[in-house]
Each structure stands twice: as C-alpha cells, then as structure tokens.
Amino acid sequence: MKKFINKTDNILLESLSGFATAHSDLVSLNLDPIFLTRKQKATNKVAIISGGGSGHEPLHAGYIGYGMLDAACPGHVFTSPTPDQMLAATEAVHAGKGILFIVKNYAGDVMNFEMAAEMLPLANGLPIESATVLTSDDCAVMNSTYTTGRRGVAGTVIVEKCVGSLAETGADLPSCKALGDKVNSRTASMGVALTSCTVPAAGRPTFDIGDTELEMGVGIHGEPGRRREAMREADAIVKDVVNAILEALKPEQNSEALLLVNGFGATPLMELYLIYNTAAKLFSQHGIQISRSLVGNYTTALDMAGASITLCLLDDEIKQHWDSPVHTAALRWGK
Amino acid sequence: MKKFINKTDNILLESLSGFATAHSDLVSLNLDPIFLTRKQKATNKVAIISGGGSGHEPLHAGYIGYGMLDAACPGHVFTSPTPDQMLAATEAVHAGKGILFIVKNYAGDVMNFEMAAEMLPLANGLPIESATVLTSDDCAVMNSTYTTGRRGVAGTVIVEKCVGSLAETGADLPSCKALGDKVNSRTASMGVALTSCTVPAAGRPTFDIGDTELEMGVGIHGEPGRRREAMREADAIVKDVVNAILEALKPEQNSEALLLVNGFGATPLMELYLIYNTAAKLFSQHGIQISRSLVGNYTTALDMAGASITLCLLDDEIKQHWDSPVHTAALRWGK
Amino acid sequence: MKTSFILSAALAIHDSILNHETELESLDRAIGDGDHYINMKRGASTIVEIQAELEPLTPDAALNKIGLKLLSTIGGASGPLLASFFMGTAKVIKEKGDESVQTYAAAFAAGVDAIRQRGKADLGEKTMLDVLIPVAHQFTALAAANAGIKEICISLITTAEHGMLATKGLIATKGRAAGLGERAIGHIDPGAKSCQLMIEAVCNLFSTQ
Amino acid sequence: MKTSFILSAALAIHDSILNHETELESLDRAIGDGDHYINMKRGASTIVEIQAELEPLTPDAALNKIGLKLLSTIGGASGPLLASFFMGTAKVIKEKGDESVQTYAAAFAAGVDAIRQRGKADLGEKTMLDVLIPVAHQFTALAAANAGIKEICISLITTAEHGMLATKGLIATKGRAAGLGERAIGHIDPGAKSCQLMIEAVCNLFSTQ
C-alpha cells in the first residue's frame, strides 16, 4: 500500500483539517465529536445533515454550503459515523424547522442515524423534529429476496443537491423529505470496478481481481457486485450498466434525465468522458433525453479504479432544484 | 492495462465527444483538425488558445469558457498537438485583438506552437498578431546546466485563469502576455509519483517503480524526476517538495500566496487534502500567508497515483484575476 | 456479577479479538467492506482504556457505560448493535439486582433481543444473531435447568461455534452481505465470528473463576 | 532522385520503424514519455497511406508534401523537426533540379540544418542531431570526393550507428530528457535511434538500386 499518509489512525483528522483549511470560507470543522458545518449558520430553514463512512470524498463534507448540506458527519474510513456526531451536528445547525437526515442505505448508517434520531435533544422545550431520507439508488443489488433494500451510492449527490435547494426556500420538513424520497425513487446507479480499493488501516486491497477481470455492480466500499466478469471494451461494459439502469427505472419514452458518470477515485477523467459518451448515446437510443450532466469524482471509493453511471429522471421540480445556485467545495454554480 | 476504452486509436475522439456532449452549453468540438472552442464566440478581446498532449484532463479543454480559454488544441496522449490545429483554432476564435498562446514548456509543444505562430493567416489583410506565454513552473528540474528551461505543469492552470480574466476586460495582447509571464515567474510546482501512468497506446506502465519507492520531481508525462527515493510518510515527502518550491521562489516574509494541491489522476481527494494540510502548515511556518487554495485533479497524468504542490505568489493584480468570475467545465465560480 | 469480572471479561475479549486479526479482517473483506476487525479492535481497546472509569461503577452502570461508549466509538453496523446489547443487558441486571445464573441468562437474552430489534433481523439472516440467538436460548434453558456454570460455559462455547459455522451455508438477507446473493455462501459472517470469539473468551474466563 | 524512390524509401522506413517497436518504445520510456514509437509509426503510416497522392508529384513537391503531412500528423518534438527536415530538403532539390550525389548531400545537409534551427540544438545535446549532423558532414565530404553510392551508403550507415550509440554517454540538454541530468546517461536517445534506423533503411535501399 502506497498512500500519502502519516499514521493510519490520523488520516481522517489530517485530511479533514486540510479540507477545513482549504475551504475556510465555506466550512467549519468541529472535533470531538467530529462534524463539519457551514461557516455561516443558516437560519429559518430545515437543516440538512448527511454523513457516512469516509473514503467517498467529496461526499459528504464537499457538499456543505449554500443550496446543499448544513452539516456532515464523517465516520472512519468506510465505517458509518456514530450517533454522538449526529447529535452534536444537530445542536450546531438546527434552525427552528427541524432536521432532515440524508442517509445512504447501509445497515450501519441506518442504525446509527436511527439511534441519533431517537436521542435528539429538546429545543425550546420540545424535541427537535427530524425526518430521514434513505438513498437506495444502487440497482446492482437486485431486490427480490433481500429485505434490506438497495444500497445508496452516487445518486445521493443528486438527492442532497435537490433537497438542499428546496430547504433553502424555507420549505418545511415533510416537503423536504418528500422531495428527497421522490428524487431517490427516480434515480438508479450501477458501478464497475477494475481494481480494488485499499482501506488504509487494512493496508491491502479489499478484494483480489485479476488483470483481465472486472467486478460488475461493485459497491462503493468495494463490496462484491452482481458478478465477476472478463474485462471487455468500454462500450460493452457501459451497455450492461445502462441496461441494468433502464430495467430498474423503466423510464417512459422521451423522459428527460440527468446523467452522472462518477469516478471511484483512480479513474482518469478521459475515461469518464469516454464512458459518458457511450452512455449518453445508449440512453438516447432508448428514447431518453439527457438534459443535465455531471462527470467527475463525486462519490468515490478511496483509490478504486472504476466508475458508476447514474440516471435520474427529471421533472420540472427536480430540474429546478438541480439548476438552482449551489456553493460548496465540490459543486458550485450560479453563485 | 485495464482501462475504459474501446480501441486505443479512438480513445481521444470518443472522450472528447463525451466531453463536448456533457458540456454542450459551454463548448463546441471541431473535428479534422481537432480543437475545441467556447460555444459562444467571444468578441473584441484577445483570444486565448492553449493546448498540449492529452492525458492531463481537465487541462486544457476543461478550462474553455468565460474568464479563461477561448480554444484548446488537444494532441494525442502525451504528444503535443500539430500546427494545423492551432491555425484552425485561431481562425475560429480570433476576435480582432490578437491571439495569446499559452504553452507548457516542452520541446514538442514549443516547436509546434512556434510553427503555428509563424504560419498565422491574414485577417483583414494583415497577419493576425500573436504572442506566447511559456509556462515553466516545474522546479523539479534544476536549471543550472540545461538550456531548455523548466517544464510547464500544474501552474499552467493559474496562468490560464489569470490571463483569461484579464483578456475578458478587453486588455491588449502585450498586457495579457505580460500578466501571463508574471504569474508564471511567481509560480513553482513539484510533483511526486507513487505509481507510473500507462499510456493507452503503449499498454504498459511508462516506468517501473517498486512497492516501497517514490519518484520525487516526476513530470506530468511520467518523466523521471530528481531522484528515486524510498517511500516515506506524507509529512516527510511534502516537506521536501515545499522546500524545493521555497528554494525556487525565494518568497519574501509575509508573502501572500495561492496553494494548489493537484492530483495526478489516481490519488484520492482524502490524500490530497492531507497533503494540503501539511503543505499549508509548512508554508505558513516559513512566513507565507496562504490566502487562496485549490485542491483536486487539475493537471493530471492519466492514471498516475501521485500529486504535485504549486505555490503562486500573489499580488493585488493576480489576486483580482484569480478571484474574478470563471465559467468552465472544470473551474467555476462567481457565475 | 462483579464489575471487576466485567473488566476482566473486557480484557479477555480485547485479547481474543486482537488475536484473530487476520481471520476477522479477511472474513469482512470477503463479503463486506473489510473494516470489521478494525471496528471491533477500536471498540475493545476503548473499553480497556476506560477501565479506571468503569471500576467504581455498579455492574449495571458499567455495562450501560460500555454500551454508550461502544455506541460512540465503533460505528458501522456492529457499533449500534453491540451497544444495544450492553444497554439491554444492563437494564435486566439493574432490575433483578441478584447474581444468579438465571439473571445472567435473562440479561443476555435481553441484550440479544435489543440487537434483534435494532437490526430488524432474526435467525438465519447470516448475521451475528445466528450466534447470539441460539446461545441465548441455550443459556436460558440451561439456567432454568439449574445447570452448573462450568457445564453452561462449555455448552455455550459449542453452541456459539455451531452458530458461527452455520452462517457459512447461508445467503445473507441483512447487513452489507445482503447484496451478494449466492456469492455469500461459503463465507462465515464476520459479526458471527467476532460474537463467537467474545462468547468463548467470556465463558473461558467464567469457568476458570 | 525519382519520386518512386522516395515512395520506396518511405515504405522501407515504415517497415524498419515497425520492426523496432519494442526498442523505440522502451528508449523513450526510459528517458522520455514513451510515445516516440507511436509518433514515428503514426508518421510513417500516414506517408505510406498517401502514396497515391505523392506518386504524380515531382520529387521536391513530394518531399515538401511529406514534410507538411508529418507536421500535421506526428506532433510532439519529432513532428516539427522531421517536418522541417523534409521541407528543408525539398527546397534544395527544387533549386538544384539535378540528380547528382552532391545535390542529395546538400539537400540532406539543408534538412539537418532546418532541424537544427527549429530545435535550437546542436551536436552533443543527446538528440537526433547526434546522428544527423555527423551523417550530413560525412555525406557532404564523400560527395565532394566523388565517392560511389555504395561506398557512401555503407559509410553513412556506420556513421549513423556511431552517432546513435554515442548518445548513450551524453547528458541531454535539449528535449524531454534534459530534465534528467546524470540519469539520462546510459540510455540511447530515442530520436537518435529512429533517425539511425531511417538512414540505414534508405541507404540499404539506395545501395541495392
């Protein structure tokens, strides 16, 4: 394992300190427990808090700021944060209209956020209201026999962006949750790994994969996916991913959509755009009109070489909230 | 070699097509010869054209747009573009106030742009005026006995941003060139590789590097650097890079500076921020006040794991042009 | 149960976890995300570190504090589950107040039940519950039959081992491995393994007291 | 020189480059960026592809077109340099118009001079010029002494080889390897190698005509 680290135990804190320093105009870092908030606390809005294991940067701290998150709670690498973090973040950012937790659907994240929600403190004598949007866009895992539901992956960024935009308008908690659930239900993703990631504390690759293999449907923690396959040309790989997404979303003809091609951390932009090129063509051959795009490293898996494709079916509301101004470290426009 | 590609011969075109489709609001792609321009041709300004070998994405096409480049000429992977590309781009974007070429200082780039400049067409009966800013921020290569000068690397982004901003004000060609030269002279960079990149057409790593080695001062094409070293902890590596930069720039006490930590393509953001954390501390220990920051993949070397650190000494003019609005695929603020 | 026993048990658990680094790590690498060993180690080490704080507490307060500490230390899926176990256990110990084997069995069962509720999971889903539920049943049955401590310990070690090994043949329907379908078959669940190790460590300690 | 000879020479060069893929590639990987073979192959293939366009042209026009085509095809450092060579050669062939060995030598020297000017480089800087300059001198000298074609060809092949091998001991002061300092020593310059191969290919062709 070759990484730019000092001690594996310190990687998170050192990296977050760098993040907070580099973006000191945007975010503040709290230690013990660890959470990050906007530099300027927002008022009179639903506070949006997300979080999850680290190693998916810029998710989530990179999305703190105007039009997106109010706070993020980073756990250890690939390990969900603990309730004390969410509670402290809640105290720091709640602004009178309740808390919306955006949580990727993993047992650990779900349970830790759930326990936090059960323990929320009082504000002005009343318990702070909260709701949770569980993201579950990963259609790699077929949902038939399992009861845990699909995993939350790169589509989470779209949920956070849209809900963050709506919250900025002063919308109430149920409306924010409803929009988040809607975006999630209209979003599907699937990823492909060419190499494994290496968790710093483990010091070696999470999975073994041959020089002529790929993992189809890999999770953003290097979890195994649908199947191990022979490496093929990009067009063939992308086609399978696109088909899985189409099968999951079953979009109507002439649906308008946002296409996100997401790198897992070690995939050059050149390849991501090549993937985008094929995916966009295939989707439009299936009657889908791609009117919004995002290409880059937005939900990573440490140093994994690989990429995921996400399609989000737009409607006027989602489009409006996607387009609205956002000012965070990793996503910025209109401001 | 595992990459998301179809045929190696097509990788550039397919990737550029994806780029142009994903950013169709911003850029247009011309084929035969290949160059990209802003969607909306700018008028009455110096046209800024850059270019170079591909594989450094988002450099340069990712910097086309308001406040930065008018056109970019991508060569094959790691191979400088050819003069016909620059000539065609010139015809497409010249807007009455001359052309400024921004060229990274490599023999191939210099000669190809030079030949283009010598062959510029007439406009209204007069040859189109041009000037060239050669970027040479890579202080890995010590300049003593060699006559070619330092290489241009990630600092090029800062030059393109500042010159692009000035050109937007209607400034004339000599002023734009002067600002570019000034920014370049106040900027120094050095990179470190943990792994080699793999040029798709070659199909195997450009250099061999052991599991416990790093290449200090590596070039953005995987050229060997100052020396091969034993892998060490991040702080020790960063210290050497920071010292090399300080030695190259010899900044005065209390200098204000921009700190850019640039990933080479396969380095997770978590590690880049960790590097930033150490670099920012070390620079401030040397009396440098970091007031602007940029952390991410801005000048890559395909799939190389590694990073470079760039310091640019600010003055009021540079700061103003760094801060001004920019709207490109890879850099966007204030708009 | 004395608080001093809880502290010794925590130490024994800590040592057993650290002795099984490779196994725990590779199990979670195979069907999870590879962090289970690190999570368990972080939790176990923290409890060892706060020994001095735990020492003066009553057994139930110590158990509850362990739960809270694990809750804010482990994270992941195992964090809230193990935390729920200790907090569930603490409640029964506090209520009953005695040091009978029946109380211990009831406390253990309550802890397992808390995991079950928190994780919304049950037997056969390829989780730690495949160790914990059979052990709780067996513990309750043996305690009801007034079996001796030694006998109980030997039996629970075996039950835990069977439960752990049985996860090998299962498809996961809860936790991270639920995404794997058939591919999970052939691998022991990491949480089941660490629970088996913990039960073994504590039973060995108990039977040598 | 007939245009048909130029075409045969282009083919011979193409084949020689393609036969030395591994060597050219690893030389540029060692002290450059690894693309020299690909660049040379792209250039050589393009010239072979436009044979039909070149065929009807006069030799000087064909050489000039080759130069322009290489200019827009190769890129990198070798593109403009080789392009300059052919355009420089074409000028002399056009001016002199005859088919004497002296004219060929002068044309070759003019081509090399164009490279020298474009690259602002000279002998001893570990570039293709370490092959080209000695060959140009030797060619001019032998032509002035009215040496026979066969003798000239044999001599130039040897000169090229010496020049190429000599780059091994040099520090580079031009081109991409100039960043390497002492570390460039021990490696043959890739451009020097490809020029030596091209000279050898053309000389072999010449001496068998």
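Per-chain residue numbering starts at 1, and chain names A, B, C and D are given in the order in which the chains are listed.
By definition in this document, a contact is a pair of C-beta atoms (placed from the backbone, for glycine too) under 8 Å apart; a residue touches a chain by one contact, two chains touch by 3 or more.
As the structure is a computational prediction, the values presented were derived from the model and not from experiment.
K.L.:
Give me the step distance from chain B to chain D, shortest route via touching chains only.
P.N.:
1
K.L.:
Nearest whole angstrom, what separates the Cα centre of chain A from the Cα centre of chain C?
P.N.:
Here the centre of chain C sits 32 Å away from the centre of chain A.
K.L.:
How far is the middle of chain A from the middle of chain B, if each middle is the mean of its Cα atoms, in Å?
P.N.:
Taking the average C-alpha coordinate of chain A and of chain B, the gap between them is 29 Å.
K.L.:
Centre to centre, by mean C-alpha position, how many angstrom separate chain B and chain C?
P.N.:
Using C-alpha averages as centres, the distance is 55 Å.
K.L.:
Give, as an integer number of Å, the spacing between the C-alpha centres of chain D and chain C.
P.N.:
Taking the average C-alpha coordinate of chain C and of chain D, the gap between them is 75 Å.
K.L.:
What are the residues of chain B that contact at least two other chains?
P.N.:
none
K.L.:
Touching two or more other chains, which residues of chain C qualify?
P.N.:
Residue numbers touching two or more other chains: none in chain C.
K.L.:
Touch graph across the chains, line, ring, star, complete or other?
P.N.:
line
K.L.:
What chain-chain pairs meet the touch criterion?
P.N.:
The complete list of chain pairs in contact reads A-B, A-C, B-D.
K.L.:
Chain A touches which residues of chain C in the complex?
P.N.:
Answer in residue numbers: 25, 29, 31-35, 38-39, 42, 71-81, 83, 118-119, 171-181, 183.
K.L.:
Tell me, which parts of chain A touch chain C in their complex?
P.N.:
Chain A reaches chain C through residues 33, 53, 75-84, 106-108, 111-112, 114-115, 138, 140-142, 145-148, 151, 199, 201-202, 206-207, 219, 221-225.
K.L.:
Show me the residue ranges of chain A that touch chain B in the complex, using the header's touch definition.
P.N.:
So the residues of chain A touching chain B come out as 2-7, 11, 14-19, 21-23, 54-55, 57-58, 62, 194-195, 211-212, 214, 231, 233-235, 237-238, 259, 261, 265-278, 280, 293-295, 297, 300, 302-303, 305, 307, 332-335.
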